[in-house]
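Down below is the structure, laid out as C-alpha cells.
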Amino acid sequence: MPIEAVLDTAQKISSMEIRGAGKIGRAAAAALKAAAEKSKARDANALLTELEEAGRILIAARPTAVSLPNAVRFVLSRLRAATSQEVGELRKAAVEAAGEFVQNSLSAVERIGEIGAKRFSDGDVVLTHCNSMAVNAVLRTAWRSGKRFEVYVTESRPRYQGHITARQLAEEGIPVTMIVDSAVRYIMKDVDKVIVGADSIAANGAAVNKIGTAQIALIAREARALFFVAAESYKFHPETLLGSLVEIEERDAREVADPGEFEGVKIRNPAFDVTPPEYIDLIITEKGIIPPQAAIMVIREEFGWALSSNRR
Amino acid sequence: MPIEAVLDTAQKISSMEIRGAGKIGRAAAAALKAAAEKSKARDANALLTELEEAGRILIAARPTAVSLPNAVRFVLSRLRAATSQEVGELRKAAVEAAGEFVQNSLSAVERIGEIGAKRFSDGDVVLTHCNSMAVNAVLRTAWRSGKRFEVYVTESRPRYQGHITARQLAEEGIPVTMIVDSAVRYIMKDVDKVIVGADSIAANGAAVNKIGTAQIALIAREARALFFVAAESYKFHPETLLGSLVEIEERDAREVADPGEFEGVKIRNPAFDVTPPEYIDLIITEKGIIPPQAAIMVIREEFGWALSSNRR
Amino acid sequence: MPIEAVLDTAQKISSMEIRGAGKIGRAAAAALKAAAEKSKARDANALLTELEEAGRILIAARPTAVSLPNAVRFVLSRLRAATSQEVGELRKAAVEAAGEFVQNSLSAVERIGEIGAKRFSDGDVVLTHCNSMAVNAVLRTAWRSGKRFEVYVTESRPRYQGHITARQLAEEGIPVTMIVDSAVRYIMKDVDKVIVGADSIAANGAAVNKIGTAQIALIAREARALFFVAAESYKFHPETLLGSLVEIEERDAREVADPGEFEGVKIRNPAFDVTPPEYIDLIITEKGIIPPQAAIMVIREEFGWALSSNRR
Amino acid sequence: MPIEAVLDTAQKISSMEIRGAGKIGRAAAAALKAAAEKSKARDANALLTELEEAGRILIAARPTAVSLPNAVRFVLSRLRAATSQEVGELRKAAVEAAGEFVQNSLSAVERIGEIGAKRFSDGDVVLTHCNSMAVNAVLRTAWRSGKRFEVYVTESRPRYQGHITARQLAEEGIPVTMIVDSAVRYIMKDVDKVIVGADSIAANGAAVNKIGTAQIALIAREARALFFVAAESYKFHPETLLGSLVEIEERDAREVADPGEFEGVKIRNPAFDVTPPEYIDLIITEKGIIPPQAAIMVIREEFGWALSSNRR
Amino acid sequence: MPIEAVLDTAQKISSMEIRGAGKIGRAAAAALKAAAEKSKARDANALLTELEEAGRILIAARPTAVSLPNAVRFVLSRLRAATSQEVGELRKAAVEAAGEFVQNSLSAVERIGEIGAKRFSDGDVVLTHCNSMAVNAVLRTAWRSGKRFEVYVTESRPRYQGHITARQLAEEGIPVTMIVDSAVRYIMKDVDKVIVGADSIAANGAAVNKIGTAQIALIAREARALFFVAAESYKFHPETLLGSLVEIEERDAREVADPGEFEGVKIRNPAFDVTPPEYIDLIITEKGIIPPQAAIMVIREEFGWALSSNRR
Amino acid sequence: MPIEAVLDTAQKISSMEIRGAGKIGRAAAAALKAAAEKSKARDANALLTELEEAGRILIAARPTAVSLPNAVRFVLSRLRAATSQEVGELRKAAVEAAGEFVQNSLSAVERIGEIGAKRFSDGDVVLTHCNSMAVNAVLRTAWRSGKRFEVYVTESRPRYQGHITARQLAEEGIPVTMIVDSAVRYIMKDVDKVIVGADSIAANGAAVNKIGTAQIALIAREARALFFVAAESYKFHPETLLGSLVEIEERDAREVADPGEFEGVKIRNPAFDVTPPEYIDLIITEKGIIPPQAAIMVIREEFGWALSSNRR
C-alpha cells in the first residue's frame, strides 16, 4: 500500500505545485526513497512490488514530463538489478539509488553551467526564451568567470516566464533587454547565440520546449545565429526510440484571454512545441556537448536497444 | 498662413487620435481641401505656397506613415501640373484632387477585397496577424461570396490588435481561432495561406508591417504556406527608390511591461518589422495582384524615375 | 446568329480534336474571321454583337486554355477600338485582326526558337518534359546552327508525350536519351539546362504545364541546373492579375490505369501542375527573354491594370 | 564441393526468381544451413572451408543486394568465433546461426511494423512508393490498431510495383489513391508523412531504394512532410564504412519502352537511386527508430571499425 | 574613312590602356564626336555611314564591355532618329549626343553615390571586392555626410585591385581592413552590407563582375548580409534580352603564376563571374534603386522589346 | 629536469620548423620517447613526473594543434594505466607507446588513402585546397589504382600551399589545373567532389582547416558537389566535447601584404576557419568513413564522457 509521501508528491506534481522537469524528477525520487524507508514489506519481492506501484502512481501524475518516468526507472532498475534478495539490502539500495538520482540531478545543472559557459565569449549578444535553470546556470557561470555579454529575453506569452528570467539575470548584473515574442526576428540580426532549455529530448535530437522555441530556432537558423539547448541527460526520452511521439499538452485557454469576451472565437493554447534537430547546433548536457544527432547515443547508453528490452 | 483645419488634423495624427495608414492619408487630403477652400490667396502662386506649407506641416506630424506624404503629393502634384494660372481654377483643382484621393482610398480597400477574395477557396486554413482593413475586406468578401474557410488570428502583442480582428471576423460568422504569437509555427503546418496588411511597401517589394509579420512570413515560407500582403497603392513608398530606408519606430516600453517592476532590465518595443520580398508570394493592390518584385513598377508609374525629378 | 464555322470550331476544341495552346488560339481566330466574312449584319453594332456572341461560344469550349480567350480578346478589342462605324470597315478590321493573330502566333514559335537557341552551347546536357512546339523550335534551331548537345526526354506519363518528343528530336539527329519520370533526379547531376513549354503563365510568373513539370523544376533547382520555360506571349494569363487562380484540370482515371482492376483504389489524374516563379530562371518569349517576375510587365502591356478596365 | 542447394539457390537469386532483400537473405541462410547439414567434411577446418566457398557462390549471385553478404557474414562469423574445433559442434553452430538469421529476419519486419505504427495518427495523409514488406507492415499494424488515415501510392514506373501496393493496402480496407509518379509534388501539399522501404542503408544514412525515391524525398522536404525509411538492420551496408560506393544497377531498356520503336533514341533504365541523409527524418529498424546519422552506429555494432578487421 | 581618333581610341581600348567600363564608354563617345567634327562627308547619309563604320571599329576593340556598344548605340540612335537630312545639322546632333553621353556617364557615378549613400548607417560593417568607381562614390558620399562605418576590402587576386581600393578609402579616412579573398566567410558574420560594382547587368538582373564576386554574394546570402551592386544604366546589357549570354573572358595565366615553374599544371584565369539575381538585394543605378528583377525594365525603356527592332 | 630533446622539439614546433598536424604529433611522441630513454629517474613516480613535465612543455609550444596534446595524452595515459610500479617497466611502456603513436600516425595516412580512394571514380572532377598529406594519399592511391580523373587546386593565399599540391599531383601524372581562390564558384559547376584535410575535428563534426575551406564547402553545397574531409583520428578534438572552442590563430599581416605600403589600412590574416558539419558529407578517417555527426563517437571511444574524467 502506497504511503502518504507518494500520494502527496503525486498530488503536488499533478496540481503543478511542484513544477520544472528537474524538480519533478527529484521529488519523485524522494518520494520513492520515503516509500522504501517506511515500507513494512517483509521480503524483497513485496518491497519491489510496493515500489513499482508507487512508481506507477507517480508517473501517472503528469505523464508527459519525461524526467518523472526517468527518475522512477532509475531507482527501480537498480532494485531489479540487485543480486541480493534480502529485504534490508534492497531497501538500502532503493534509498541509495534515490539519493543518487537527486544528487546527480543537482550536480548536472551545475556541470552544464560549467561546460556551456565555455561556449560564450566577451561581446556576445545572447537570446533566451522562457525560464530554464540550466540556461541560467550557463549564463551565470559565464558571467561570474568574467565574460561580458548581453542577453535578450522574450516575455514568453502566455505565462510571462521571461519576466522571471529577466529579473534573475539582472540580479546577477547581466545586461538584459526584454522584448515581446514577436520581436525575435527584428533583433536576431544582432544576436550571436540563442540558448534555451528543454522539457524533453527525443531520440532524433528534437527538443520539446516552451511554445515559441521552434520558431526562434528557425529565425536563428535564418540569421545563422547558433542555437544551443541545455538539457540534463534525464530529459532524454527513451520511448521515442521505439516510435512514441512526444505528446504536446494544450492548456487552459484562459491563460491566453478570457473566452467570455470573445464570443464565437476559439482560443487554443499549446504549451510546447518541437524544435527539429536540423535547427539545433549543440545540446549541452552534463556529460558533454553533443550534436543533436548524438541524442540517440545518450539514450542507448542508458536504456539499450529496443530488442534487448521485452518490457516495453 | 495655415488655417485651423490643417493644424488640427496634424495634431490629431501626431497624437494618434487619427491612425491607420488609410485614415491618415484621407485626413490629410481633407485638410488640404479645407485649406484650399478657405484660403484667401489672391493669385495662383500664393495659393500653391500656402498649400505647400500646409503639406509640410501635415507630413511632419508623423513622418514614417507613407500614406501621409503620398496624399499630400497627390494633391500638390495636380496643382503644379495645372496649366491655368487663375486662382479660382487652382482652388477648384485642389478641392477636386483631394476629393479624388479620398474617394480612391475608400474604393481601393473594397476593390482589394474583391480581387483578393478570388485567391481563397473552400477548406482553406488562413492565418492573419494584427488588424488590417484590407485583410478584413478580403476575408469578408470571400466569406460573403459563399466560400467556407477558417482563420487563425494571433493576439499581436503588445497591443493585442488581434483581439479586434478576432471579434470582427467572428461577427461575420467566420470560424476564428486565436493563439499567442509564439504558437504560429505550431499551427503553421495546418495553414494554407497567410494574409497581412502593410504600413508601407518599399521599392524592392519589402513590406513594413506590425512587429511579428516578418517572422510569420519566414515560418510560412518554411512550411510552404502562401504569404499574401494586402496594400493599397498609396502605401507604396517612392523615396525608397532613391535609397531611403523605411524607419522603424520604437514605441514606449510601457506597452510591453511596467519598467518599474524590472529593475536593471531594459525593455525595447519596436513597432514594425520589414518582411523581405523573397518571403512574399503576392501583393494584393487595388490595381491587381502583383509579385513583390513589381512594386517598383507601381512606384514608377506614380512617381517616375529619380532623374526626372529634381526636387528630391 | 453564330455561323457554322464558329460552332464547328468550338466543338472540335471541346472534343480535343484541335489541341495544343497555339493551335486552339489560331483556330478561334480563324473562326472569328469566318464569322466576320459571312456575317449579314447591316451595321457596325450588329456585327460587333454577333462576334461577341461568337467569342463567348468559342471561349466556353475549353475555359482553361488561356490562348483561347486571348485570341478572342485580340480580335474583339481591335473592333471595339475601331473609330469607323461603317460595317464594311469593321468587317475588314475583324478579318485583318484575325489574320494578324494567326500570323503572330506562327511567327512567335519561330522567333522563340531563334532567341532561345542562343542560350544553348556545345556540350550542354539538356532535359525536357512532355512535348512542346516552342521547346522543339529552340532545340532544333540551336542544333541546326551547329551547336552540339544531348537531350534527355522523360516519357511523360500518363500519355507518353515524351515518346513524340524523343522521336522528333532524333529525326533532327540530336542525341536523345529517354527515361522514366522517376529517373529525373538520378540524371539531373549531369544536366546543365532544363527547358519546357507552358500552357499558361500567371501574373506572378508561375508556369502552368504538364503534370511533373513542377517537380522537375524543383530537382533542377536543387542541382542548380538552369530551368527555362518557352512560351508565346498569348499564353500569359491576364485574369491572374485580378486574382483568378488557374484551374488545374483532372482528367479521366483510365489514362493512368484500368480502374476495374483496382477494387477499392481511387485513381487521380491531375493533368497540369504549377511551377512557382522562384524555380524558373528565364521565360523565353517571342518578345525576348524575361525573368518570371517580368511576366506581369508582359500582361500589363497587353491588358493594362485592373482599374482601367471596367468590363471585368 | 558445394552441394546442390547452394547452387540452386544462387541460380534462383541470379534469375530473380527469388527477390526482395529479405527473401534473398533468408534464402542464402537456408542454403548455408543445408550445406552444413549435408556436408561430409571430417573436421572443422574442412567444414569452414566448404561453407566459405558456398558463401562466395551465393554472394556472387547478386552482388548489390547487401542482405545477401550480410546473411552469409552472419553465419560464417559465428563459425569463425566458435571455440570448439569439433566438426559436429561446428555443424550445429552453423545450422543454429542460419536458423537464427531467418528467424530474426522474419520477426524484424513484424517488429518494424509495431514500432513504425506508433508514428502514424488519425487523419494522416501518407504517401508511399514502390512495394515494401516493411512499409506494408507499418501501415497494416497502424490500421489494425484502429488508426484511420489515407494513403497515396505512386504507380512506380517502369515495373508498376505501386499496383501491388495499392491492392495490398486496399485489401486491408485502407483508403488508397493511386497517381502517376509525376504527380507527387502536386499532391504533396496534402501529405503529412512519406514512408518507403530500402534496399540498402549506407554508413552515412543514405538510403538506396527504387528509382524515384530520392526525388520524392526532395519533394517531401520542400513541403516539410516527414520522410521515413523502414529497413531491417541487415540492410545496413558495412562496406560503405570503408569507402565502397553502393553500385546502382541499370536494367534492361525494354522495361521502359520497346527500343525498336525508337530509332536513334537511347533508353536508360536505372533501377535505384540514393536518397541523401539530409532528406530522411527517421529510419525505422527493428532495433528502434534512429536518425539517419546513427546508421553508422548500427553498422559499427555489427561489424566494428575498419582497423579491427584485417580481412577486408 | 575613319579618322585617326577612332583608330587610336580603338587601339587603346584593345590594349587596355583605357580600361574600366565607364572610361571605355566615354572614350568611345569622344572618338565618335571627333569623327563627326572632322568628317568631310558632304551629305547626311555619308556622315551616318562613316560614323556607323567608326562604331563598328570601336565595338570590335573589346566586344565584351557592354558600355562600349551602349555608347556607340546612344550616339548613332540619335542620328538615325534625327528628322533633318542636312549634314551640318546631323554633325551637330552627333557632337551633342556624344557630349551628352559623356556628361551622363560622369554624373551617373555621382548620382549613384548620393542615392547609395542613403543605404548606409552609423556602425555598419561593409565589405567590398575589387575596385569600382561607383562603389567608392557611394562610400565616400556616405562618409562625407558624416556617417561612420568600417570597410573590409579583399585583396582581389590575381591583380590585387583591392590594394587600390584600400588605399583610396583610407585616404578618405575611412577605417579599412584588408583580407585575402579566402577570408571572406570568416569575417562575413560581422558584415552588415556588401557592395560591389559591375561590368554588365543582364536582363534577368544577374551581375557580371570581377572573379570572386559571385561567391562573396553567396556567402553574404548565407549570413543574411545585404548585397548591393552599384551600376550605371549604360552597363545594362540589351542583347541578353534576346538570348545572348555574356561571355566570360579568360585572361593570361601569367597573372596567376609563372607557368614555367609548374610543369604539367594547367593554370586557368577567368576574369569575371556571374552573380545570379537571387543573391542580389538591390542594384543602385543613377535612376534609382531597383531590385535585380527590374533590370529588364531599365533595358526595355532604353531599347524596347525584341520584336520592335528589326536590326538585330 | 627535461632533457634536451624535449626542449629542442618544442622550440622547432614553436618556430614552425616542424609543421603539419601529423608531423607535430609524431615529433612530440618521439621527444617523449627520448625523454623516457634518457631519464635518470629512480622510481616510477619520478619518471611519470618528468614525462608529465615534458608533456606540458611540448603542448605549450603550439597550443592550438590538437595532434600535439593528443600525442602527449596517448603516451601518458598508457603510463598512468600501467599496473607495474617498476621504473624499468614504465620506461619500456613509455618507449613502446611513443613508438606506437608514431607508427599509428604513419599508417593512418596510408589507410585513409586506401579507404578514401574508393570514393573516386573515372571521370571525376575534383577540387582541393591548400596542401594535405591525407588528401594527397587519397588522390594518389586512386590514381595508382588506375582511376582517371582531374583535379583543380586553389593557389591558397596567402602562403600559396596550393603550389605545392599542384606540383605533387602533377608529378604523379594527375591532370591538375590551378586557379585563384576567387575562382572556386566559377569552376564548381564542373566539380563532382571536393576533398580537403583538417587541422582539427570538433565534437560536432565541424572541421578546422586552412582559411578558405569553409567558403569552398558552402560553394560545394550550393552546387551539390560532395565535400569530403580526410583526417586522422588523432586530429579529433576531445576538449570540444566539454565546451571548449577551437581557437583560430591570426597570423602575421606581412604574409598578406607589406603594411608599410598601406598607410591607414589594417591587415588581418586569420589562418584557419571552421566548416560547419552540415556542409560536410563525409569524414575519411583511418577507422572508416563517417558522417560528421559521428565525430563525437570517435572522440568518445578515445576519451569517454566528460563526467568519467575528473582530470580535465
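To keep things simple, chains are lettered A, B, C, D, E and F as they appear, and every chain counts its residues starting from 1.
Note that in this section a residue touches a chain if its C-beta (ideal position, glycine included) is under 8 Å from a C-beta of that chain, and two chains touch if they have at least 3 such contacts.
Just so we're clear, the structure is a prediction, and the values are computed from it rather than from any experiment.
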item: Other chains in touch with both chain D and chain F; value: A, C
item: For chain E paired with chain F, centre-to-centre distance based on mean C-alpha positions, whole Å; value: 44
item: Rounded Å distance between chain A and chain F, as computed from the means of their C-alpha atoms; value: 38
item: Distance from the mean Cα position of chain D to that of chain B, given in whole angstrom; value: 58
item: Sites on chain C at which at least two other chains make contact; value: 222, 278, 293, 297
item: Topology of the chain contact graph, where touching chains are joined (line, ring, star, complete, other); value: other
item: All touching chain pairs, where touch follows the definition stated at the start; value: A-B, A-D, A-E, A-F, B-C, B-D, B-E, C-D, C-E, C-F, D-F, E-F
item: Chain D partner contacts - residues on chain F that touch it in the complex; value: 111, 114-119, 121, 278, 281-282, 284, 286-291, 293-294, 297
item: Of chain B, residues touching chain D in the complex; value: 189, 222-224
item: Chain F contact footprint on chain E (complex, rising order); value: 153-158, 163, 166-167, 170-171, 173, 175-187, 210-212, 214-215, 218-219, 222, 248, 256-257, 262-270, 273
item: Sites on chain E touched by chain C in the complex; value: 203-205, 240-245, 277-278, 293, 296-297, 300, 305-307
